[in-house]
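Starting off with a structure, shown below.
Order as written gives the chain letters A, B, C and D; numbering starts at 1 within each chain.
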Amino acid sequence: MQPGALSKALKSGAIWGFIVLELIFFSVAGSYMSLSDTAFMDWENMLLLLKQSAPIGIIAMGMTIVMVNGNIDLSVGATYAIAAIVLLDSMTWPIFAGLGDWVIPVAWLLALTVGTALGALNGLIVWKTGVDAFIVTLGSMLGYRGIVFMFNGENPTSHLNWTLVDLAEAEFLGLATASWFLLAVTGVVWFLMTRTVHGRNAYAIGDNRDAAVNAGIRVGPHMMINFAIIGFLAALSAVVFYSESGSVNPNDGQLYELWVITAVVLGGTKITGGAGSVIGTFGGVIAIQLLRKGLGHIGADTSTVNLVIGLILIAVLFLDRQLNVKGKEELKV
Amino acid sequence: MATVSKQQIGSVLAKQGILIAFAVFIVAFTFANSKFLTVDNVFSVVRSSAILGVMALGVTFVVISGNLDLSVGSMMSFSTIVVLDLHDKIGPFLAIPAMFAMTLALGALIGFLVGYLKLNSLIVTLGMLSAIHGLTLTYSGGKNMDIADKEGTWFSVFGQGSALGIPVPILIFLLLAAFLGLVLSKTPFGRKVYAVGGNGTAATFSGIRRARTVFFCYIISSACVATAGLIQASRSLGSQNTVGQGLELEVLAAVILGGASLMGGSGTIFKTVIGVLILGFIQNGLLLLGLQFYVQFVVTWIIIILAVWLDIAAKRGKLMSPIA
Amino acid sequence: ASHSETMKIGITQNNVGVDSYQTTYEQAFIAAAEANDMVETVVLDAGGDVARQIAQMEDLIQQDVDAIIIWPTNGEAVIPAVRKASQADIPVIVTNSNIAEQGQDFIASFSGPDNITQGSRSAEIMCDKFKEMGIESEARVVQISGQPGYTTAIERAKGFEDRLPEVCPDVTLVETQPGDWNREKSQQVMEAFLVKYDDIDGVYAGDDNMGVGALNAAKAAGRDGIIFVGATNFSVGYEAMEAGDYWGSIYQSPVDDAEAALQTAIDVLEGKEVPKLNYFDTPKITQENMSEFSKPVF
Amino acid sequence: MTDAKPILRLDGIVKTFPGVRALDGVSFSVMPGEVHALMGENGAGKSTLMKVLGGIHQPDEGAIYMGDDRVVMAGPLEAKAKGIVFIHQELSLAEELSVAENIYLGELPRKSFGRVDWTTLTDKTNAILKKLNVGFDANTLVGDLSIANQQMVEIARALTVDAKAVIFDEPTASLTDAEKSVLFDVISDLQADGVGIIYISHRMEEIFKITDRITVLRDGQYQGTVNTRETNEESVTQLMIGRKLDLTRNASHHEIGDVALEVRNLSCGKLYKDISFEVRRGEVVGFYGLVGAGRTEIAETLFGLRDPSAGQIFLDGQEVRISSPADAITRGISLVPEDRKGQGLVLGMNCRDNMTLPQVDDLKAGPFVAEGAEIAIFDQYRDQLDIRTPSWRQQVGNLSGGNQQKIVIGKWLSMHPSLLIVDEPTRGIDVGSKSEIHKLLRALAAKGYAVMVISSEMPEVLHVSDRIVAMYSGRIMRTFTSDEVTEDNLIQAISGIKADQAA
């Protein structure tokens, strides 16, 4: 074991420890406070947890890449809504009328393409103008939301296709479609970030951009690709979720960016870039979903839920910090 | 000496990029709608921007110190609800200081967490956004808060009164901006804020108490939020729990539009004021043109990016970023 | 299932805390459930997020409650989740705003106000007043609608926009902008309207909160004689009517709303006949008849 | 060699920055197999010239030739593709990545599906590291390495590609002698392969040890090129600074006063143990040791940046607990830190504000900062330390490395401390200014300051110190007076050999 390995293991373990704490707490509290007869840690409930984590989780994987790369994307919620509209609306377009249920893959593809393009547009602006990603995506968070409303005014866009719903509700080996997508995305992004040149370069750029530039890494295209990936994943999340629900409100996906970022940061990704892990993000997503689910399970009311979620976020951060202090002789800066 | 004059133009542009963007924008709207540049309208815009603006003044300190404050919207709801509730219970004379004390206590808590415990400000203030909202709901029982005797209270002066022909919210905004502008640019404390945001380690090595500096930035921010809450409460003499919801991002947009860097260490109060006005005039201008709100969204997007782009392009002397 | 013992009823609300109507609804619901020994409830709030609401539906199904009440965040997106509940033999009662046609087969009943009718009634109130003032041939109206995307906002706007030309064909609706159910936002929108239009005779707001925001703007600008009509009579609106500043609204009580939903659920579980569409009445309220109504508590 | 064609030729390069003409028609060439030194004062334009060559800056005028072809270095990527390797003056590493990934940054070996070929990467890296004879392996995180070892990682990059020319911009600034000799071996290997080497350094002894020719710049202007064998330190210095330099050891003797600082049995975890020494007024005490010997940590403890785990500190005979730098400053202690970019400067701030930062609370006119007084302070130290900057308004980040260091020194001198601690004070500083700083340190001592000088340069320690504390691995091995110290016994002491064990 290399020096520091233990503290690192503890560090990446913090989120898992927190998840275990949550499970214990809600199981115990649930047995007193909940009127449900089924235990919180019921296997079915845990499978449901995985499924319910999918919408945020899939986007969070993309956010991990973008944040490791040293950027941030606040527009994912709006991209998610646009992709959902494209998905549902395109199924009713007259040109696809002859396709029957084959319109489904076409609509999926369209939605994913649009998401990817919107992500790439953010990336292109960041690259070419040099404006900070936070500002660019803060702007497009508004702009993309405006585009959402242009589609259908303030009305929801709906198309309930029961074939699609059945497909989305299907289970394979006991796991729902959404769960499979979440697991697959986690796997692929993990591979991308730890095993490929592109992923390692993303770390290098986020860690020390000047060094990456000096080493001849093409920083701009890398950033654009990563924005395209998060756009794709936001669209994928929409595709997975709206295939099942069939209708999108123009303000759906609002505040998703904040939840996603919270999950990613809880999972140990540095806000300034250069460090972070996909597995950690997975833990962060599960931790948040568990918290929401558990608070509902024990019957907390709205104001309590808000209060508790807020305080717990801060508490996790505090614990994480305590685990990371190197000792008394540490430099006091 | 052609190069020199070009350089001079460049450096003027670099310093005033955002102002020029602002001017261009005002002229364009004035041509588009004759009502735009009337005294009434300007007052109306500045008055309704005052609340956002006062909050942005405080957030400017936080951002320059290298941190974020996403809790301002939720905290503003809190101050508004509290002062309205206390107005009828203990009277405005006591309600105002009591509300300030409570809001400052929240600011102190955040300042303690971010400054002294060195927790990441994005997550802390995100957490506080949610927690303070919960607190407000608990405090109000989720109900709207209204002053019973709306006609008979002098409390309305902060939001509705005017002095010397100028609406009081505008006066408060401008006076506070002048005061905080001096604090930031001329006092030792202001210097320390820049140093801490620019390089916290170097600031510590220079004997600056970084934690304390950050702490006071959040105190200033919460004092501004309390002031904004006061104006808000006084303006409508009644309020919902969600009155400030979502303002945090608008405030941040204004601060950034003014040219403060999220990395910390740069930005000025004057530029933030310009940023606030740009946002206010965009919203108002588009409304006057009768555009749908979603067109406003798209236009705001484009203007934010163009303004910031112009600003940094002028600074680096090149339109396109040098990133390969 | 036998209901000799307690009934477990789960509710997932749209977005508690966004306005006092929903909060009062939640409190009234809890109070009504506590008053009834036979009922136990799980009260959940979707925070306006469809995904969270669907997850809550799944959780309630998984917890095997006896009935689910849903205040939909989106009248169509929740249909598959409602179908799941009905497939699990859990009756679903929709409250406050209905779900779409395709989902009707899966629900036991809808209980709530009729928002389209509310919109039409507001149009009638406005029109009647114009006629009384004799300006029905040239009056100009602006509309401040609720949060874009919400069924309630859309239905009320639709009811108003459809009905107004029927009753007052010469009144023009010059512009509509959303006020997001938010008093402050509405005030800002109204300020711009006032600058832009020299002649505004009437303002229709999607609820009284926004209506009062608009009223504040008009007062600050010193523009008198504008007729304000809202919906969901909040206590601020009621007070403004008392003061003579605000003309009329639609009286709708969240307590009635909540109690009706709970009672419908109990009736369904007890096997009683319930109508599919269980509207509770939301009458017109104006300065003239307001003494017949008690001041809203929210 | 004289007949050979240069591999690389820069012709009439001009480069201006706002307010600064950094290069004014500079020409320069490198032969294959040659080590060509580039010298000049701080801010003379050396790094800028190399950045032009490396594609980081585009010249305003002038041309670059490789062989007979005119080339354009549009960016670092092109420069690299053309066989130019640039080892930067400031560390340019990604701390969260491994040594191997850093060495091959931008050119990780690939397998199918864009995967990183880890086996090849590790093998190649370990081969290079073996050549460099360092104590870490390919998978170590760069952030866990000391500054010196990080510098070695930078140097390792020179060995990864088939370089035509390698630029070393002050590679030895933070290296110890052992590492330096490894570096020189690497350079002579490259030389043997016909690679052209450009070597920037302020250390004369290195220049005369390894280079073939020397080109000198002054204020962005070309001063001439000489064969190293045909010149000497004195004339090079004269070329650089335009005057002669007095390099004699400062023998000024003055009264040594009372004990200003006494440290008794001080320990700080594993960083250092059982440290005892004293520094008197009027005395300069040098601290010499290998990197990692714990000298910086002692300085940081005295400056309130670390809590000692045991032991006592006395200032003027009074036991004190120094809780923070602010506390240390009020007790009259100044610390010029080791890492100027990270710890010394706020790069985005202007020169004046950086210089007066520690005393900003004291320079007041009413509630405001007295800007006039600040400018006066800045002007005083700009003149005294010969800081090259167009005005106090310039951002410190735009100054050359050496001038940045002078700002840090000025900042702490202007505090008029009673105990001045300087950690590697002349890292990256040109010969002229270095001797000025040495003189200054002596003069401060003469004024009654107590001065601690931490340095990894033996000549420097020998030159300025009245006494020398030799450290090894967190412990004091021996304390020498200036009469008894020799290079040999000093080297023995810092290598962990006790005085009584020595021959």
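Everything below uses one rule, namely that a residue touches a chain if its C-beta (ideal position, glycine included) is under 8 Å from a C-beta of that chain, and two chains touch if they have at least 3 such contacts.
All figures in this text were calculated on a predicted structure; none of them were measured in a lab.
Of the two chain pairs examined here, B-D and A-B, it is A-B that is joined by more C-beta pairs in contact. Averaged Cα coordinates give subunit A a centre that lies 44 Å from the centre of subunit D.
Note: centroid distance subunit A to subunit B, computed from Cα atoms, is 29 Å. Note: centroid distance subunit C to subunit D, computed from Cα atoms, is 71 Å.
Residue positions of subunit D touching 2 or more other chains: 75-77, 305, 324. Across the assembly, subunit B contributes 133, 137, 142, 201, 204-205, 293, 324 as residues in contact with two or more other chains.
Each of the following residues of subunit C touches two or more other chains: 16-17, 23, 26, 148, 178. Here, these are the chain pairs in contact: A-B, A-C, A-D, B-C, B-D.
Taken together, the subunit A residues at the contact with subunit C in this complex read 34-38, 42, 44-45, 48, 51-52, 55-56, 149, 153-156, 158, 160, 165, 169, 241-242, 244-252, 254-255, 292-293, 296-297, 299, 301-303, 305-306. Residues 16-20, 22-24, 26-27, 148, 175, 177-178, 181-184, 187-189, 191-196, 209, 212-213, 216, 220-221, 234-236, 239, 243, 298 of subunit C are the ones touching subunit B in the complex.
Residues 35, 38, 40-41, 44, 48, 51, 133, 137, 141-144, 146, 150-151, 160, 232, 235-236, 238-243, 245, 283-284, 287-288, 290, 293 of subunit B touch subunit C in their complex.
Chain contact summary for the complex, subunit B toward subunit D: residues 3, 7, 10-11, 182, 186-188, 191-192, 194-195, 198-199, 201-209, 265-266, 324. The part of subunit C that touches subunit A in the complex is made up of residues 8, 16-17, 23, 26, 40, 42-45, 47-52, 54-56, 58-59, 62-65, 73-81, 84, 100, 102, 145, 147-151, 153-154, 157, 178.
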